[in-house]
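Shared between the two complexes below is chain A, which pairs with chain B and chain C, respectively.
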Partner chain A sequence: MFAYIGRRVAILLVILFGSSFLLYNLAAISGDPLEGLRGSTDPKAKAQIAALVRTLHLNVPPPARYFMWLKGIGGIFTGHFTLGTTRDGNPVSTYLNSAIPTTIRLITMATVVAIIMGIAVGIISALRQYSRFDYAMTFVAFLMYSLPIFWVAVLLKEYLAINFNNFLANGKISPAWIISAAIISGFFWAALISGNRKKVQIIFAIAAFSTAVFLSLLSLTKWFTHPGLGPLMMFVLGMGFAFAVTYTSTGFNNKAALRSAQAMPIIGLIFYFPVEYIFSKHPGVTPIALMFLLTIIVAVSTALFFAKIDRGPVIRTSVITSVLVGILFLIDKLMKTWVPYINTDAIHFRPIPTISQSNSLLPAGNFWFTFLDTVTHLVLPTVALTLISFAGYVRYSRGTLLEVLNQDYIRTARAKGLTERTVIMRHAFRNTLIPLTTIIVVDFASIIGGAIITEHVFGWQGMGTLFNTAINNYDLNLLMGVFFVTSSLAVLANLAADLLYSALDPRIRVVGKK
Partner chain B sequence: MNFFKRTPKVVPRVADSDIFNKETEGLSQSQIVRGRFIRHRGAMISVFVLLSIIIFVFSALGFKILGLGYGGWWKYNSIDMTPLRSEGCPGGLGGCPTLDLLPGKNFGLGDHPFGQDDIGRDYFALVMRGAQRSLLVMFVIGIVAGLIGTVIGAVSGYFRGWVDAVLMRFNDFIITIPTIIIGSVIGFHFGNKGVLFLAVFLGLFTWSGLARLVRGEFLTLREREFVDAARVAGASNRRIIFKHILPNAVGVIIVSITLIMSGAILLESALSYLGFGVVSPDVSLGLLISQYQDSFTTRPWLFWYPGLFIIVISLCVNFIGDGLRDAFDPRQRRRLSRKERSKNHDLTTVAKAGEIN
Partner chain C sequence: MNARLKTRSFVAAVSAVSVALIGFVAVPAHAAARTTAIIIESNTFTSLNIGNPADNIVINGDVSYLTSMGFYHYDNNLKIVPNTVLGTYKNTVNKAGDFEVKYTIAPGRVWSDGAPITGADLLLAHVTASTKFAKAAGLPDPTDSSVTPAFDSGAYGGVYDQHVVGEPTLSADKMSVTVKYDTAIPDWVLNGIGGPFPVHTLEMLAAGKTTLGTAAENAAATAKFVSDFTSKNKDAFVAMGKVWTTGYEATTIDSSTNPLLLVNNGAYLVKSVDTNQITLTANPTYNSGPALSGITTMVIKQGIGDGSPSAQAIANGDADVYQGQPTADAVAQLKAIKTATVVTSSSLAYEHIELRVASNDSTPYTGPFAMSAGQKSADLRKAFLLAYPRQDIVSKLIQPINPNAIVLGSTWALPGNPNYDHASSQVGSSVYSAGTQASRSAAALALVKKWYPKAGKGNTPVAINLLWGSPGNTRRASEAALIIASEAAAGFKVTAPATKGWGGKLTSSAYDAHFFIFDQTANPQDAQSCGTFQTNQGSNYTGYSNAVVDAACVKLQSATLPASTVEREQVIAETQIVKDAFFLGIFQNPDVTAYNSALSGVIPAPLSPSLVWNFWTWHFTA
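Let's turn to the complex of A and B:
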């Protein structure tokens, strides 16, 4: 195993060497960093040129200069790691240090949301192949595939952000909106669950009616201006999660799993006020992490208490439920921060920002304000990036599941009388995940490329911004720094994908290759 | 609860496969593929829409190939400034679109169907010019990348050994560099040399995925009996590659080229948007969006039309690719219409038996 990884890493290093050599020379011969200064009439220009030539070694031809750059990276073994300096003399690594977390923050949320939604929709549309839902989703996926992200981003800024902010000013939903939302939700649920004509009509009516009532209630109680969940609402939602998770994870026949999942919202209800107190008195990342750790411990012990045999699925069910309940706690706390947050001078009732990554005018030192600020700044870029990458996952998971469903072992599973839920979730879905994992891992690296445009549109100061400056200023070291990070990530992601593949699929042996 | 229950039609029925077999009896492979493609409604609509767009865009403004010019039927061009038309515009801002698709006295294109930009240029002409550019870039990238990818993939899959190793390592170099990075480096420095140059250069770096696919296809196909037969009969390597293996791999190649092309139009517009692609005074759809995105609140039409053209073109290419993939996939089973099923009524009893819930 280690020999295999070692060999792979060696090949990867060669590939990285080759591609960086290619890019370095291409970038070096295609532009002259001194161009602006050469034409300048400034008397200091000559001295500046001389200084730049000295610091950036511009008198060395590019292929040789590449090896000087490489020597800096080779310093990783001797402790003198350097990526060179930018034109203004600062080390590239300081820029990268501040840019990398920003970009990661930008793409993580979008990737997670896109993966979860994409796989869910893809699987449902595979199960309902050639239904109206399937056709609609295929069209939507293709449409999203064809959207230029900068175009979507401008639209989101103009419509979603500004109109949503206007809407939040009074928090009332107009009847026209309620009716159209009700009709849309009716169509959605009817297409999703599907069945014969009568059943579809009943589902449509129920979904449309409950959406209308729900939205009217929210509008009447001014929930949007004063959002919050409260203990009761959280309990109801938690119970909903418990049923949904149990249904997909083990099925209702597993009484132990159902009971242990249902225990999670009850325990949550008991701890509602203590958690609330701790969150207010000791804001910070530690209590949040502690809370999640505790919920998982509680979930595991509850599962062990309820289940005497076959404990694995029960533990899984209750842990997933408990994490969801934990997220509810966090959302509830953020919603409580909402009213004071939008009342601050910095926000002034326009909570969804269209540009930049944080609001510098916010009063510093309030953890929950900063947290909420990060979240609101993430909304638009996340929506934009999700829209784009969602389509790929839908198409891919649908295709893979359809392929898996035609396999012989699925027929065997059905033939021995397993329930359809078990066949889909245990036999088909798990095998769908194997190829999906690999594209997810590889995709995460390539999405950084997509983030370059997103950052540009939304004015974030991440890798994309660095890359832009690098190209516009002919800053070769900065460009190579950005490339170094993205390509290393891409290469590592490929390695991780291969290893994961062999770990998930026992038919593939990486070690067996002689 | 039967949420997990699949719609029963998914499993191909006994009767269905009988129908399929009857349909493909005595037809050549290309006839089957063509038939399947023509039945794919989305793809056929897309072919029609894309062809109309191409004809419309290129006839409206005219173009020049090798000195042979064609004037175009549209009265304005993308350079001349005309006085801003302000009658009937909301908010008193000049240059609003005159396109009116509702029946009435203003029905028709009008003087400036897509409006005018802030200095009075006819926006219809600008968008047509941009669409010409974007279509050109799309096709050139498709052709260049398709050629290189096919040749490299074919050679390395067919000859294997050190040729394969060298070519695939080279391929890895290209794959590691994100397309947007290499595209920006090229675009920023060579964008001013003209759009054709840019497209060819971008094509030089977008073939890697295709080459991998073609190589995989060749690796399996070269082991097949018909290749051995050809070799025994004394066929040269070139003949085996082009006459025997390539026709069998053409499905993968065509589908993959359509994907490259739909990616190419988005890549070009993204690069132009960042300022690293087509540069002013030349026009492309991405550049138009980038130039006028700030005037969205005052002159929204400057933003809508180029975006709509990008989306429609890219959507069409994607759908055509989907139709081609379905058509080339031998395992593909289409869903039978009710009429076809009822025609085979005598077989439905068997079909019931094949149905699995």
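Let's turn to the complex of A and C:
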């Protein structure tokens, strides 16, 4: 095992060295860092050229210059690690330090949402193979997959930002929108639930009608300009979560799990006003984290109270439910912040921005404003990235689950008389996750590489933007800095994926020698 | 979950919503006129000090312009407007071998930390521009490109450096500084001291201070600077040079930033810089320039791409002002925004075609345009320029962006310059715009036929290597396609592939012609053109050398001349250039400015800082 890791790491170092040498030289000969200055008629341009040649060592041939750069990396052993300076004289590490968190913030959320939704939709469409839903999702997945992100971004900005903000000026949903949303919702639920013709028609009618009523109510009550859940709504949603989580986690037959999960929204309802008080009086990350911790403790205790035997699944069910209820609390608080937030001079009734990752004009020190500001800035890029990356997960999880369902052990499980839920969730789903895990690990490594186009379109200064700037300005050190971080992570993630695979799948083992 | 359950929870949700949410109707209150203007820029902030050549980029320049006030600024008609609120400058002595300019700070002007602005604050300009001073103080020689100067400034080697005599002298009341030159230098305003620099903060930063000083400490630091300056204290200048060169580099600024770095005399002060935006707030002690008209906070959103990201940001109200060089599509997108006003203008940057007439590097140039080939090459050059589709380029590629764009008749006096009409009628460039392109191409073919009688359609005996830019530059790629087609009709076979690293090949004899952009940063007597046409100058990439042009340049660069003489000399030089048929301007780079129609006062100017040059007049009308 250790010999295997050692050998892999050694190979990785060679790969990193070779690829960085190649990239450095290719990048160095591909452009002229002085290009912009050569077209300047300013008499000072000459001095500027001389200064750049001196600071960037442009008079040294690229292969030799590469080793000057490598010497800075090698400084890691002597405590003089440096990635050099950019052409504007700032250290490359300064840029990386601010770009990495930005990129992580931008892409983590989108990736997590894409993974959860992608796997969920993929599994449902695998279970309903060749159904209307399956065909519909396959179509949607390929459609999303083929959409160029810059175009998706332009559309999202037009409809979810510009038009939505215009809409907020009065908060009334036009009948045309309500009707189209009702029809889309009808089709969606009818396709999802499926069945014979009559059942489909009934589902369509119910879904379309409820959506229309629901949206009309939102419109009439001006919910969008004054959003909020309120204790009652949160209780109802919490109960919905309790049923859903219990169904997928243990099944309704486990009464202890169902009761324990149902207890969560009830406890939530009791603590609605105390939590609200803490949110308002002691805003901040620490109180929220403590409350989540407390929630989990309560959830575990409740589970222990209800379950006498086989406690694991019950604890799991109530913890998941309690966390979801906790998130409802956060959403409720953010919705309450909405009205004062859009009333600030900085927002001025146009809360969804098309660019940037924060608004510096908001009154400083208001935790909930900052929180909501981060969320509103994240909405569009997250939706855009989720839309295009979720398709891949749908296709992959669908395919994997179908393959697993054909395995002998699934037949055995069914033959044993296990319920369909147990077969799917315990035997099939878990095995589906093995190959998915390895994909996800590599995906997370590539997150750091940033999303060049997305960041550009939404004006985020992440790794993708740095990479783009480096190329456009012929800023070799900056380019190599981005490359150093992303390539190191990429090779490490591949190693981690291999190790994880062997850890998850007992049939695969890593060995030290061939 | 089964269907029934789903339906039930849905119905439950609907009823819950109707019970839980009974909202009140709220109408957005109409606030008073806004006091915050938000600008979008495509590059990102790197430094508070633009004297450093590496930091000389648009966004740093704009921040500097908004936060510091100098003795003058350029207006939108290329005229220098003195800032008499800060102080005055005047030429006091003008005789052979002695030319003196006296700068006086008006009494009562203060820095943002309350320290008074005095003549001592003007002395640093000499330190960062005079090679003689650096050498005398024992600092590294700024003209030696292998060592980093103590103050890594882009001003060394300029007109000031060449002609300044001794050190500027501080008057007894310490409010005036007199600079002495060995001759009546041209553009003595532009080439002299631009404005004050808070030297007391520089001294304190060099001493490692991290908090603002008291009035006494500030006065002591200013006094120390004057004594360091007079005694040429090497150690002090090494320490200050380090701060000046690297200390002002900053990609983020917040409350933990050393406040001494932010002391300035402009209308705004930098409050914070993060990865997204630069926030500038009104300077409470500001009295160095015209008063603000209503914008008390200026925000610059940085790193926002040209085109649809900027247009949609304006449409969504995320920003109020945008200036850039977008495509025709993006202009259409901007014009479609109901709440925005779009203005297209021309910057002092112009695309041009130049032909190689002699060698610039060690390889001799023997191509078709070589001047050494006499009349034949003269005819071929003229033919090439005649067949050059300038009008086509302007109408197909530029007018969709700027409908007022014209084919350039003069590059020494660009459109917008009051002399433009006169110059373009005098220098002889009308030959290249008379008639239609078809008639010009026919004239070109006739010239080529003198030397290649069989030239014509399908027979292109003169091979031309044309250099233009990297593959990503779509506008130039379109230009190249137009050129190849048009020149073929006159017997030229133009090879013009996109070239990575083309900038480094401008001096190569392998290319017979180049077209690219020349970017002008000021409008001095020589129109920044002598560098392009004078023998062996910095941006002379054609190998051109002509005694008439050189003589005119010497005149334009050696003394302050009356406006009529300047114009006459410029016309003399450009007439010669047009006669030698190796250089023609094509179009001025179009700038597009879009701003919130409620914001009043935004008028783009051709020279940097072209967007914010009159920021003090900006205000919201609604």
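Assume the second predicted complex is superposed on the first by the 481 of 514 C-alpha atoms of A that agree within 3 Å, B and C clash if a C-alpha of one lies under 4 Å from a C-alpha of the other, contacts with A are read in each partner's own complex, and residues count from 1 in each chain.
By definition in this document, contacts are C-beta pairs under 8 Å (C-beta built on N, C-alpha and C of every residue); 3 or more make two chains touch, one makes a residue touch a chain.
These numbers come from a predicted model, not from an experiment.
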Fit or clash - chain C, chain B, common chain A: clash
Touching partner for A:130 - first (chain B), second (chain C), both, neither: first
Partner chain in contact with A:193 - chain B first, chain C second, else both or neither: both
Which of chain B and chain C A:51 touches, first, second, both or neither: second
Partner chain in contact with A:240 - chain B first, chain C second, else both or neither: second
Which superposed partner A:456 touches (first chain B, second chain C, both, neither): both
Partner chain(s) touched by A:31 [first = chain B, second = chain C, both, neither]: both
Touching partner for A:143 - first (chain B), second (chain C), both, neither: first
Chain B versus chain C as contact partner of A:169, first or second or both or neither: second
Touched partner set for A:465, first chain B, second chain C, both or neither: second
If touched residues of chain A are counted for chain B and for chain C, the larger one: C
Residues on chain A lying within both footprints (that of chain B and that of chain C): 30-31, 150, 154, 158, 193, 247, 456
Touching residues on chain C, where the partner in the complex is chain A: 1, 3, 5-7, 9-14, 16-26, 28-29, 31, 34, 36, 40, 44, 46-47, 52-57, 145-148, 152, 154-159, 245-246, 249-252, 272, 274-277, 279, 297, 299, 301-305, 308-309, 312-313, 315-319, 470, 500-504, 506, 516-522, 528-529, 531-532, 538-539, 541
Complex contacts: residues of chain A adjacent to chain B: 14-16, 18-19, 22-23, 26-27, 30-31, 127-131, 139, 142-143, 145-151, 154, 158, 193-194, 247, 402, 405, 411, 414, 420-421, 423-425, 446, 448-450, 452-453, 456, 467-468, 471-472, 479, 482-483, 486-487, 490-491
Contact footprint of chain C on chain A as seen in their complex: 29-32, 34-36, 38-48, 50-55, 86-90, 94-95, 98-99, 102, 150, 154, 157-158, 161-162, 165, 169, 189, 193, 195, 199, 203, 206-207, 210, 213-214, 217-218, 221-223, 225-226, 228-233, 236-237, 239-240, 243-244, 247, 339, 343, 345-346, 348-350, 352-358, 360-361, 456-461, 465, 469
Touching residues (chain side chain B, partner chain A) in the complex: 1-7, 9-10, 42, 169-170, 172-174, 176-182, 184-186, 188-190, 262, 266, 269-270, 273-276, 286, 289-290, 293, 296-297, 303, 307, 310-311, 314-315, 318-319, 322, 335, 356-357
